[in-house]
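Two complexes come next, and they have one chain in common, subunit A, joined by subunit B in the first and subunit C in the second.
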Partner chain A sequence: MDKKNVIICRCEDVTYEEIVRAFNEGYKDIESLRRYLKIGTGPCQGKTCIPLLQRILYELSGNFPQNITIRPPETPVPFGIFVNVPKK
Partner chain B sequence: MKSYDVVVVGGGIIGLATAYYLVKNGVRKIAIIEKEYIGSGSTGRCGTGIRQQFTTKEHIVLMRESVKIWRLWEEILPKPIHFRQGGYLWLLRSEEEDNEYRKYVALQNLFGVDSRIISKDEIKEIVPDINLEGIFGASWCPSDGSAYPQDVLDSLEMFLKSHGVDIFDYESVVDFKKTSDRVISIKTDKDEYALDNLLIAAGYATKSLANKLGFDIPVKNYRHQIVVSEPLKIFLSPMVVDRSLYFTQTYRGRIIGGTDTNEEETDDLTLTYNFLQKFSSELVSVFSKLSSVRLMRHWSGFYVVSPDKHPILGPTPLKNVFIGTGYSGHGFMLGPIVGKLLAHYITYGMFFLEEANHLTLDRFEKGMLIQEKAVIG
Partner chain C sequence: MEIFEHPILRFERKSKITFFFEGNPVEAYPQETVAMALYRNGINVFSYSPKLHRPRGLFCAIGKCSSCLMEVNGIPNVRTCILNVQEGMKVKRQNGLGDLPKTSEFLKSEKEYSPTVLVIGSGPAGLMASITLKEKGVDVLLIEQNPNLGGQLIKQTHKFFGSQKEKAGTRGIEIANELVKELNSLDVNYFTNTTLFSFYPRENVFLAFKDNELLKIFPKFVVFATGASEKMIPFEGNDLPNVMGAGAAQTLVNVYGIKVGTNVLMVGAGNVGLIVSYQLLQAGINVKAVVEASDKIGGYFVHAAKLTRFGVPIYTRTTIKKAVGVDKVEKAILVELDENFNETSKEFEIDVDAILLSVGLQPSYQLLAQAGCEMKYIPSLGGYVPLRSKELETSVKNFYIAGDVGGIEEASTAMLEGKLASLSILKKLGFDVEKEKEALELDLAKLRSTPFSKKILQGLKEVAYE
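And now, the complex of A and B:
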């Protein structure tokens, strides 16, 4: 398959080819790729793409990257759920 | 040993903005040392807001000048920084508040900032969906705005690298070699660098590095929490402030915002449910449409707060050591002007704005504090 058409991050529309290009420009770790390509910053917060990205970085560099920041919530939650209802 | 004219500790907005202006001033050998990645400190965690609605001459003048640079940077930096002048809409909930903010607006106008007090009708025009119940009016400044922190840092980093600045990331400053009044070299966990001048712009760690050098900076670290929502179609361009609540929408469509949970000084960035409750309640009560919008990410960072809520800039008891810290929750917006001021001080031994002379570390010794009242989030 043409690597150009392989979408790695579905929320932010980042392709395999873009990752390789960014890697070659010097963005070699997950945090800087995330900032540069916005990969993993959409509604799924990287649940699909970050494991794929780890594998791609392993293929490119020979090192398996571990420095991933995981932030709550696990899945997007409406603000309304947290609203404090005063007790009657 | 590598040797530099200026070594900057800290890859946040202050470190990068200062390096930018050092390059502009013709300084050749510059290094930035960053413990993790560029933006890993408060800058990459901040609320994007840029405002001139302050209550002291020092802050108003510095921010007026900073906004000029933000506008310029949007045009000339190598990549877009998404600086947007969408205004700051500061809601006022009583006649007393209204009277108080009229005085601040008069001061802001005196120093050339285009803020004004507006009525409920005008609020409705600017942000139609705000719940106006209990609102008296607002302080409004259309030239305030926001920029996207990571894009700003990326763009500055690209500029600096293309101008020969060495950026060492994932490298931590651990010690110094000094004489009685100068630092000679700096030791990291990987290497040692000789230097002529040292700028410590290490955010929450500036104080502890200064202590290692034998002087103190009276700042404290406070945890502040913040969230972003899922992306939505763009509908909100101002930053809305309602007491301690603030929120806006980024160019990527996400609602970003925070509030103050009045915590004690801490070194801990743990997130709390209490924050989510307080933030969501305040947000939904002033903007009920956001109730069904989903929160996507929650994180925290430090406000480095000084006794008078003003930055601490420039000279220290050591002749070739300079600091920039104590922005008290608004160091991102101040970044461009503070970078320019610090670079000027390091290069020429003086500031170019009279107001900055009031912001040096020795003001605490001399008892010349300035009080800022408008601190949010």
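And now, the complex of A and C:
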């Protein structure tokens, strides 16, 4: 497998190779990888990539990562709805 | 790419409307979504990715994965797979993250709702939950992000297994029709095209949006029936347009009557992979092969036998190595695996224009995690699932679950769970439902008594509160 041509996070364009490299640099858990690579922080909030990332981290470390923080919003939201508009 | 004849389905296509893609007029049927209309017109590339500028297209087709984001009427990051197309709509391919709109003409009002029970998701679990509650006169608000009620039932053209009580022998689409009819006759309050995206515990408020309108929902009880989404696997070119979930192909073919491709590859020989392959054949699409990484076919023998009769080869211990193509799948490179699932040097190519993945589903747990429900990772249930009581209440008081969000199973169990969650709520509200509940629990146990349920039962034990 040519890992640099395998996309793990579509929203932020993070490849398999980048994850392995970051892991070797010391970013070994989901939260620090999120901050470092932005993996799982795009519009879909990790719905597709987090399960793949868990599997990759398990292969790299032998430990299956748990405890994932989910912050709102969990899906792309039009900005307009957050603007204070008069109630009708 | 339109399907005109189908042995089971009739596609209603009366009027036509016109919208604009990249400034060019495109014809569509008013009942279809933007993504579907584009596919009908042979357009597969919806955006170019932010860093690597790779072409991207449809993946889940049910509003979950965000692979179909485009700019619509000046608003970026719109999930085109669940947005109904409208006359004169301006749709553009998105480059990267998109730009903020320059005007405020999109702003609308906000509304507040305080239903006794909020039901999130209108699949078999959510529909059943809503019906059960409304039958007893309880005030329900049902929220669905897709344009249609019925969840994934609306694309299941096959007849269900199980017992008569759970509507076995009936096609999924017919079950959906029956339930929606019941829902309407009870006058249940529901919103489609409405996405629930956040929960804030301190204010006990759920936020949702319909078009550009904000909905604030303050419920007493909640049934989370958010279902599941399709999993992805890592291989080269896995983000190429026309690599998509098997369920997405089903949406194209069975809901909208659009061919996903001419020659397709199915990855995964579980029940979903086998059933969808057969449904594609019924729609006149050539399934070139089914590949399965393990050494045996995971799904039921009857489903595999139907494919064999059509001459579709099922290659076990084989997987996809690479999707090849410019802007769209043109061929797949397959590779044989050894007994440790490592790739061997035996590779072969097949010419296909679509690669469909049926490599498992994962529960849509995000809102539950936001709500602070205690979660656990259970592989046999598909991923993260909430801990729950026998009555389907999570660790957060008055928050209930039903269906695939609690563990991947069947539509039949989802319906029963939807009913069970509602009966549990009714009990708290002071209704006498004990007998009904006991009978239901027996039915559920019976459904889960087959050899196929063994792993699920083990998983359920691990997430059960005493």
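Operating definition for what follows: the second predicted complex is superposed on the first by the 80 of 88 C-alpha atoms of A that agree within 3 Å, B and C clash if a C-alpha of one lies under 4 Å from a C-alpha of the other, contacts with A are read in each partner's own complex, and residues count from 1 in each chain.
Going forward, a residue touches a chain if its C-beta (ideal position, glycine included) is under 8 Å from a C-beta of that chain, and two chains touch if they have at least 3 such contacts.
If you're wondering where the values come from, they're calculated on a predicted model, not measured in any experiment.
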item: First, second, both or neither for A:Gln45, with subunit B first and subunit C second; value: both
item: A:Val6 touches, of subunit B and subunit C: first, second, both or neither?; value: second
item: Touching partner for A:Gln66 - first (subunit B), second (subunit C), both, neither; value: second
item: Which superposed partner A:Tyr36 touches (first subunit B, second subunit C, both, neither); value: first
item: Partner chain in contact with A:Pro78 - subunit B first, subunit C second, else both or neither; value: both
item: If touched residues of subunit A are counted for subunit B and for subunit C, the larger one; value: C
item: Doubly contacted residues of subunit A, that is, touched by subunit B and again by subunit C; value: 42-43, 45, 71-73, 76-83
item: Contact set on subunit C toward subunit A in their complex; value: 49-52, 54, 56, 59, 63-67, 69, 75, 77-79, 100-101, 104, 106-110, 195, 197-200, 207, 209, 212-214, 229, 231-239, 321, 343, 362, 364-367, 369-370, 377, 383-384
item: Footprint of subunit C on subunit A - complex, ascending; value: 1-2, 5-8, 10-13, 16, 42-45, 47-49, 51-52, 56, 64, 66, 68-83, 85-88
item: Residue ranges of subunit B touching subunit A (in the complex, touch as defined); value: 36-40, 44, 150, 153-154, 229-231, 252, 271, 273, 276-281, 283-284, 290-299
item: In the complex with subunit B, residue positions of subunit A that touch it; value: 29, 31-32, 35-36, 38, 41-43, 45, 71-73, 76-84
